[in-house]
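I've put the structures underneath this note.
Here come two complexes built around chain A, the first alongside chain B, the second alongside chain C.
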Partner chain A sequence: MIRIAWLVAVKDLRIEARSRVLLWQVLPFGAMALLLSGLALGPTHAGHSTAGPGLFYLVTLFVALLMINRSQGIERTPGTRASVATLGLDPAGVFLGKTLALAIELWVSGVVLLCGAVLVLHTALHGALLALPSIIVTLGAMAAAGTLYGALTSGGEGAATLLPVLTLPAFAPLLISGERSFSAALNHGALWQWWVIVVVALVAYLGVGILLYGVLEES
Partner chain B sequence: MVRLDDAVVLSNGFPLLSGVDLELVAGSLSVITGANGAGKTSLLRLLGGLVALSSGRGTVVGIDLSEGDLRHLRRRVGWLGHEGSFYDDLSVRENLEFAARALGRPTQAIEGVVERVGLTHRIDTTTKQLSAGQRRRLGLSWLLLRRPELWLLDEPYASLDDEGRTFFDGLLGEVVAGGATVVVSAHDPLRSAALHPRTLTLAGGRIVSDVA
Partner chain C sequence: MMKQLSQRLLGPVTLALLTLTFWLGMWVTPPDKVQGDLVRLVYVHPAIAWVALYVSFGTATIASALYLWKRTRSMVMDRVAHCAMEVSVVFIILTLITGSIWGRPTWGVWWAWDARLTSTAILGVLAVGYLALRRANDDPSLRARRSAVFAILSAINVPIIHFSVLWWKTLHQGATVFTANRTLLIHGIMAWTLLISFIAFTLLFFWLLRARYRLEVSRDQSRSVALATSLEMRRREGAI
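Right after this comes the complex of A and B.
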């Protein structure tokens, strides 16, 4: 399982490095969304810093949806699906590999957007650094849930429309916990209760994915 | 190697195959012909464990299509589709390395199979930059690397020039002589007189002609 996970993750990251969809399409979109959010809030710094964590996670959600679609899209060509199916890859390994690759892409996006939040939304740098561990875990959980739901909608008509609708219940607790945790970091509040929610969600999504990804692929 | 009894495959209630009886022995070459929509690709996909049997019975390489492990079956068949079978943003070498590593095979064999299909000069080219004929050759190298027991080739002659077709015929002869079973779908019967394939004609999801 681990060998297949590593193989799939390296393959997905290599495809991303070659196609540069994240670099030239998704990140500029994220940066633009963050900038427009800052402009929409007006010139007051106080409003920016209060809304910063929420806007950071909102833009991260948009970026994540694009990257989930991309992650499943590279497997979606009928010929590729059939050829790769005849390799008989362990579905749990495929799930973990795609989750790892997506998580790395989201972590890169998260760091870029966090820098954007500091620059555009005037988010305090020390608070952003304090929030970084919780952001990493939250984005990891989003990658696991996104890979799972991406496989669920993959191949169906209107997958790009269906994905945000289906992932909303899975992402909602992550986004709320992530935002609360980020705000707590900025205001020197307690972080641990939000950590519990995110870590439990991460473990749950990984467990469900390992068990069910094969069923979703077959369906 | 292959046995189907009254095999039916449905897609959203529509019959893709509507009662196919078929028996193929190991080391044979069969060509499935028929008009568009006759069920050629569906039959190949059924044999590869890529679609489920809706009713009837079938075994492929000793694995029951209704109750057996289709994932295990898929590892024992090779598929060459007409849509293109690879990751477009990976090079020829990277695609083959992925397949070899996934199957736990040594990667040293890659250069040999690439040379065998005449793609050595394109080995580090990304797949999306290959011509349709070169993609087809990449598909062949993928199968040569795997050496499956059952080769399922969906319209492999599409996009091949005369030289490519001759090369392909020669390769099929070698593969069959090596003991593998090959099933090819094609619009027209094979041109090569040396291959002597069994020709099955499909119409409306049924075999309507079987010429040995």
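Right after this comes the complex of A and C.
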């Protein structure tokens, strides 16, 4: 299962590296959304710094939705599903591989957006660095949930519009916990209770994905 | 014979119990010392929430799990899950509306970003999402599998709603009927009216579920007939 997960993750990341969709399309979109969020708030320094964590996760959500669609789009190319079925790959491995690839892409986006938040929204650098571990876990949980929900909507009628409808309620606890954790890091508050929610969600989504991804891929 | 009788009696018994709840709640039970007549919503809101969160969503989740389990996999389970989720959407909306009616005079607002309210609204969006997901897939088997997985994933929200009043500081009150030591907090006619309301709304759910299920079966049958007729017409065109 681990070997298959690794192969699938490398395959997805290689496609991403060659197509450069993340670099030339998704990240510029994220940077633009962050800039517009700052403009919408106005030039008040204090306003920006308190709203920073919320805006960071809002923009990350938009980026994540684009990346999930992209991740599932790779699987929709002609012959891919048939090849996976013919090779008899373990669905749990495929799920873990796709989750890992999506998580790596989200982590890269997260670091870029965090730099943007420090520059544009005047988020304190020290607080941002303290929040980094919680951001990594939150984005990991979003990747696991996103892979699962992406597979649910993949290929259906209006998949691109259906994906946000289904994922937003699932992402809501993750985003709230992530934002609170980020705010706590900025204000030197307690982090652990928000960490618990994110870690439980990560384990739950990984568990459900390993168990049920195969059912979604059945032909 | 017994099955037919119980099916025939389900509607009238439900209607009678709902009428009894209405009569007891509006005229027989006394007003509360603190809340006055506002307490009469307690005979409607908790019972509706009980059906929305536990009975209907629970039925949809169990039916979905049974569909995914290969031994019990059948379209009957898929239909039950679909119908229960549709009824659940109605009851979740009613839960939010009746809660809002109670919240305006008590809290001063129609809506508050309270953990229980927000998590219930999220469950409503998930239930609507389930119905949207079903419409997005034409293949019955794929649709059934995907919606079953989605229903199980969405059910994770139910314990979060249940324990939200304990886990977070909420405006919504905690346990109202029982204390943590299982001691009853409501007595006499108020307790009986509350119990009848729970039974009445639970029966209403099963009545609606049954009606919706029969409609779904008829729709599937009419689709099959329409498909067969269409195929026959094409065959005849081919013969000419």
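As a working rule, the second predicted complex is superposed on the first by the 217 of 219 C-alpha atoms of A that agree within 3 Å, B and C clash if a C-alpha of one lies under 4 Å from a C-alpha of the other, contacts with A are read in each partner's own complex, and residues count from 1 in each chain.
The criterion applied here is as follows: a contact is a pair of C-beta atoms (placed from the backbone, for glycine too) under 8 Å apart; a residue touches a chain by one contact, two chains touch by 3 or more.
Just so you know, these numbers come straight off a predicted model, no measurement behind them.
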**OP:** Would you check which partner chain A:V137 touches, where first means chain B only, second means chain C only, and both and neither mean what they say?
**Re:** neither
Original post:
Which partner does A:G79 contact after superposing on A: first (chain B), second (chain C), both, neither?
Top reply: first
Original post:
Is A:P169 contacted by the first partner chain B, the second partner chain C, both or neither?
Top reply: second
Original post:
Where does A:S19 make contact in the superposed view: on chain B (first), on chain C (second), on both, or on neither?
Top reply: first
**OP:** Report, in rising order, the residues of chain A that make contact with chain B in one complex and with chain C in the other.
**Re:** 218
Subject >> For the chain B and chain A complex, residues of the former touching the latter >> reply: 45, 48, 50, 70-72, 74-75, 77-90, 94, 98-99, 101-103, 126, 139, 142, 146, 148
Original post:
Can you list the residues on chain A that touch chain C in the complex?
Top reply: 148-149, 152-153, 156-159, 162, 165-166, 168-170, 172-173, 204, 208, 212, 215-216, 218
**OP:** Using the touch rule from the top, collect the residues of chain A that touch chain B in their complex.
**Re:** 4, 7, 11, 14-15, 18-19, 74, 77-80, 82-83, 85-89, 214, 218
Subject >> Touching residues on chain C, where the partner in the complex is chain A >> reply: 68, 122-123, 125-126, 128-129, 132-133, 135-138, 145-146, 148-150, 152-154, 156-157, 160
